[in-house]
Amino acid sequence: MAALSAHFTLPLRAFELELALAVESTVALVGPSGAGKTSVLRAIAGLVRPSSGRVALGDDVWFDAENGVSRPPEERRVGLVFQEYALFPHLSVRKNVAYAGGDRPDEYLERFRISHLADARPDELSGGERQRVALARALARNPDVLLLDEPFSALDAHTKSTVRAEVHELLGEFGLPTLIVTHDYEDASALAEEVGVIVDGKLRQLGTPQELVSRPSDEFVASFTGANLLRGSARREGDRLTRVELDTGESLFSTDVAEGVVGVVVYPWEVAVGRARVDDSALNVVSGEVGSVVEVGNRVRVRIGPLTAEVTASSAERLELARGGVAFATFKATGTRLVPLDGRGRPSATDP
Amino acid sequence: MGESARRGLFGIALFVASLLTFAFLALPLVAIFVHVPPGDLVAQLSNPVVTDALIVSLKTNLIAQVFILVLGTPTAYLLATRRFRGRALLVTLVELPLVLPPAVAGIGLLAAFGRFGLLGGTLRGLGITIPFTQTAVVFAVAFVASPLYIRQAIAAFEAVDANLVAASRTLGVGPAGTFFRVVLPLASGGLLAGEALSFARGLGEFGATIMFAGSLQRVTQTLPLAIYAEFDVDFDVTLAISAVLIVISGALLLSLKLATSWQPSRLTSRSRSELLSWS
Amino acid sequence: GGAAARQAGADGTRARVTVYAAASLTDVFPTIDPTAKYSFAGSNTLAAQITQGAPADVFASANMTIPNQLNAKNLVSKPIVFTRNALVVVVPTSNPANVKTVYDLKKPGTKLVVAGPTVPVGAYTVQVLRNMALSSVLQNVVSRETDVREVLAKVALGEADAGFVYSTDARTVPGKVKVLRLPAWAQPKVQYGISIVSASQNKAAARAFVNRVLGRAGQKRMIAAGFLQRVKPKGK
Amino acid sequence: MGESARRGLFGIALFVASLLTFAFLALPLVAIFVHVPPGDLVAQLSNPVVTDALIVSLKTNLIAQVFILVLGTPTAYLLATRRFRGRALLVTLVELPLVLPPAVAGIGLLAAFGRFGLLGGTLRGLGITIPFTQTAVVFAVAFVASPLYIRQAIAAFEAVDANLVAASRTLGVGPAGTFFRVVLPLASGGLLAGEALSFARGLGEFGATIMFAGSLQRVTQTLPLAIYAEFDVDFDVTLAISAVLIVISGALLLSLKLATSWQPSRLTSRSRSELLSWS
Amino acid sequence: MAALSAHFTLPLRAFELELALAVESTVALVGPSGAGKTSVLRAIAGLVRPSSGRVALGDDVWFDAENGVSRPPEERRVGLVFQEYALFPHLSVRKNVAYAGGDRPDEYLERFRISHLADARPDELSGGERQRVALARALARNPDVLLLDEPFSALDAHTKSTVRAEVHELLGEFGLPTLIVTHDYEDASALAEEVGVIVDGKLRQLGTPQELVSRPSDEFVASFTGANLLRGSARREGDRLTRVELDTGESLFSTDVAEGVVGVVVYPWEVAVGRARVDDSALNVVSGEVGSVVEVGNRVRVRIGPLTAEVTASSAERLELARGGVAFATFKATGTRLVPLDGRGRPSATDP
């Protein structure tokens, strides 16, 4: 399987999309709405023309600004699954899958377990079914690259996990170079070996899910991977610790090295909760009112002041978090990371 | 409560205004049928003036519509899918005949294709004369009726989800294939509607025809011209012909309705209607 | 609605008379009474409009038949002959079909334009041709216009090769058309009749206008415009 | 490769067809301006026939448009927001004049309001005469031009998101308030467009007017009628008047374009245009 | 605060909406797309008229089919937040909030931290900001009931949790009777004391999140709360155990009592994973290929045959789940629940 290599710049309304990617197995791009995710796929598929750069599959060049090469979409062997699936409403499921005239569409109907829907119209299908038809159609064109745009955003929360597992297995079977874009980090980490975080058209960080979680390059990546973020100003303390003065006045310690305005990143499952203050120099403590208490499976996500902590249902019971009141969130200095605050790309909903 | 009182007033206002509108628009049509006993209506269909005019009208209009479809559709698609400098100007050009006094259209056609018109010399060189011929009628009709079709077609093409076109392209089907397999089927409703409107408008063409093609029974005298000619001879005949035309136009329009009934989003309109079922 | 209607009539009532006149009078009538309001068209069309209740005060027709019919229906007063006219053939000055005499009109392919049979001049045209045993010429007709001025226009534009109009019309587009006279013996009796509309709100002014037309000054202008004496001078 | 070849052909076909259309539609207009030296164009504006006709046209059309707006808007809103038996029929009724030969419309108006018309007796009783008066012109224009406005208005009202109306209602604002504070502002673009079209169409009205109102200078002779009348007298004058009218109509249409330019979803059209920038 | 009581039937396109509710504090309705959730709110707000039933706030009757009472929306004091927010695009944020003419809108702008956006147009706002404006607008009308339609569906995954916490706190402050509809069980359980599962217009189960998880009334509720579901036929075994013959041939034991065709419900966190078969009569064992392996925070969701299990990251490492191969999922008989299979309401994406 030839790998897809794409580096280009594409002027969008509000900013310029600018990235370089090499897709061999499965890569996912995560980013907020309007980050330019769909535009990336459109550029690779040849639906928009970048202002500069190069897009090639192996040594088959699809786009090259220098040499004025720009193949139309129908001459690039891409399988693009659109955000809203873009099934042809006037054609039956079978006709949709057979549209590209690929060899034996019925095989694909079989494979995607939609044979029983062959004669239905798209508008009679459920979200999950639509999704499979769209995938089948894209693959029936037997492409050399697979591009998925928000493959799950149109699904109910409860069907999503099932579908996601299916898709994951299918991707395995076909083993095509695949580029997925989504705004849901969990989807991305579930499907891709490599995840890139894209904001305002720029790639903030590209790496394995583990890397993103263990070494987020900035506050935005951190918040995307589900971490808590506390703003403060850092000062070295001794040679191994950094002291961070929070805007709230409290101060935290981190084993990361940094100076000036930073964000302290700590993941909910690194945070322990208690009703009494523990005094342990190795532990950071943040106290606050108990906010929302959310049961997730057998665990409970509880908000304490600026922090979200994740504790077991049992300990939540023991601490009677449900009744509110003050609580103390504690986490190790080693459990924290410090990231620069460039002031950009903050999740808007948390703006002051 | 004042609120509901005001709401009542609003509803009443709506209702009264609508009633007036409908009355004003319905009266003239009703009046004609009141004056014309169904018998006459049928009888007129054997009146040579009417039959000849009907034939001329149909023949010229069918030809004109073929041209409108064959040339107008690509034009509409172009205008719907391309953005370029001067596009607004071209759209205006395409719509201008719609708002131009037909008489002016006639003058324009004379000035362009008449003996001493811009192309007069060229045409004479080719031994072609257009004024006073059925060709002239076709020209007049095509000129006056095309905007109604092209406008609708542009709208219909613009309404086709760009992502479906994109999907077709990424599935390896070129622009032509995409146009015929995706765009055309999805736009067909709107195109049909526009075509019906355009055809009806063409059937009614009067000012441009009389100026550019003159009026000669069996050659260039279309139904509207016949009406005008008959007007001073026998008002009853005129009424009967009018009735015939109303029936034709009405039928066309209804077929149009059926062709497009599916278009407005059902849910939206339905829920809105429920929403306002009090006001 | 009524308001607008009355007021529309109203700018007339102050002696402003409304005259429905044959198209061939388009140029001459305003010289006789510039203050009047005119509607020029085929006499037949005007008649139809008067029948439909058009607010005319005076009706001047290019023949006697039409006003007499209206008079029979008590729609207008008994028509009085106020002038006469003669029929001619006009051809474009460029004369593309090279028509020298009325007989050339027989040449197949000649684009002949005449007025509709219900229009006075149209009827006269048929008579002339019958008188001259040239009815076959009518096979060359390419259009039957709604009034004499339409005929003239189509010829003046050079779109038509020839057309039958009144001699007075021919004079209104000098240089644009050549006139082919028709033999006197073939001429039909072209008499213009003027009458007062019974429904007129404005009879006084209407009578005044009619008198102006019949009066010396009026007649002078008519003749100046090429119209003929009201009554044939008893030939010597 | 064959694909790209076919694509080339398709593009060319589109291009050629469009070119033909534009040429055909542009020629008559160009021709008129070729014949008319700009000097004449200005001179005509002082020709009493033109000025009188212009005044009559403007007066009658403005009155007609006031009626169309005042009565048509509620009618459109009713048809856009209510679903009831017979609605399709009423919509057809509202659109019929659009496809009716204007001459027939004139006959219909005569048959309704003429001396021998349905209401003839009643009107005479009230001492009102309508045919061949300025009122008649207003009637003719209103009858022929209203559909263009009402259709657009219905579309504009239907395009207003039902949820916004619902939101306004749940925020305690009644139907009337909602109409004026939410629906009208959001529909204004479409309404303006419709109004412009309707106004332009009205200015061009010919067939119905000549039938129902006749052609009396300073009273019922509108610009189109003046053109027709002058046509017999002096072709050059006719051309000049036509030129004037083309300029007016064109201006109207362009303003319409601007009024509606924002309407088609920008993103869609843009991306579509890019999508097809190869075909 | 008067409570909202609503019981009515409303014929919809495909089925009849039929439910009875009493809302005193916060109730959430969960259901798949098309279940009738929005229709419920529309009926309560007076935007659609039920065919029968009664809607009242305390003893203030809004709708009563018997007595032909049917107040128009503007005369019911509801604060409805629409699925897509339905902000007035032609009005500034301030004008939107002030639309209902409620006393001092600026106070609400303050309270919802959107004062800095007062003069912006809705289309210039981010999803999270829109959401707050919509809430502010609904509350500024000072309503007696709050109705929220999919309050978070328009948000990026990563802003969602933050916003959800905010909303939860605001609901607390205002203490209005609140009805939330959503297709995300997690959202529902996060915000509401009582959660109802609605399918095809019928209320399947109504109870606290804990109740739904511990005693799902049917397979649908179970799958909605994130459980695994295995089909099989049950037979009593002794007097305490039930043996369930799975379609796959394997058989499981449950402490629940049931007969005939049933669904075996087991939650991912009840499932342990191993590489070797453990033989313990008290343990159910299901073996299968290791499918998708998804990291979620510090835990890993792994698919083994028909089951999804949730294990710690560390044990996932130890078992090298990433490399696939066969694994064994084990769970206690006491950890299972048996639910009737009515064949309806199965999440469509998992249809055969």
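In order of appearance the chains are A, B, C, D and E, and numbering begins at 1 in each one.
Convention: a contact is a pair of C-beta atoms (placed from the backbone, for glycine too) under 8 Å apart; a residue touches a chain by one contact, two chains touch by 3 or more.
Treat the numbers as computed from the prediction; the structure is a model and nothing was measured.
With contact taken as defined at the outset, chain B and chain C are each touched by D. Here C-D and D-E were compared by C-beta pairs in contact; the pair with more is C-D.
Computed centre separation for the pair chain A/chain E is 23 angstrom, with centres defined by C-alpha atoms. A straight line joining the Cα centres of chain A and chain C is 87 Å long.
Chain A and chain D have CA centres that are 52 Å apart. Multi-chain contact residues of chain A, defined as those touching 2 or more other chains: 42, 47, 72-75. Residues of chain D in contact with two or more other chains: 3-4, 7, 116, 161, 166, 169, 174, 231, 271, 275, 278-279. Among the residues of chain C, those touching two or more other chains are numbered 51-52, 157. For chain E in complex with chain A, the residues that touch the partner chain are 32-33, 113, 126-129, 131-132, 155-159, 161-166, 168-169, 183-187, 189-191, 209-210, 213, 223-224, 226, 267-269, 291-292, 294-299, 301, 303, 308, 310, 347-352. By the touch criterion given at the top, residues 42, 45-47, 72-80, 82-84, 86-90, 99-101, 137-138, 141 of chain E touch chain D in their complex.
Within the complex formed with chain B, the residues of chain D that make contact are 3-4, 6-7, 9-11, 13-15, 17-18, 20-22, 24-32, 34-35, 70-75, 77-83, 88, 90-105, 107-109, 111-113, 116-119, 142-143, 146, 150, 158, 161-162, 165-166, 169, 174-177, 179, 197, 200-201, 203-207, 211, 223-224, 227-228, 231, 238-239, 242, 245-246, 249-250, 252-254, 257, 261, 264, 268-273, 275-276, 278-279. Chain contact summary for the complex, chain D toward chain C: residues 63, 110, 114-116, 120, 123, 126-135, 138-139, 214-221, 229, 231-233, 235.
Only residues 161, 163-164, 166-174, 181-182, 185-186 of chain B touch chain A when the two sit together in their complex.
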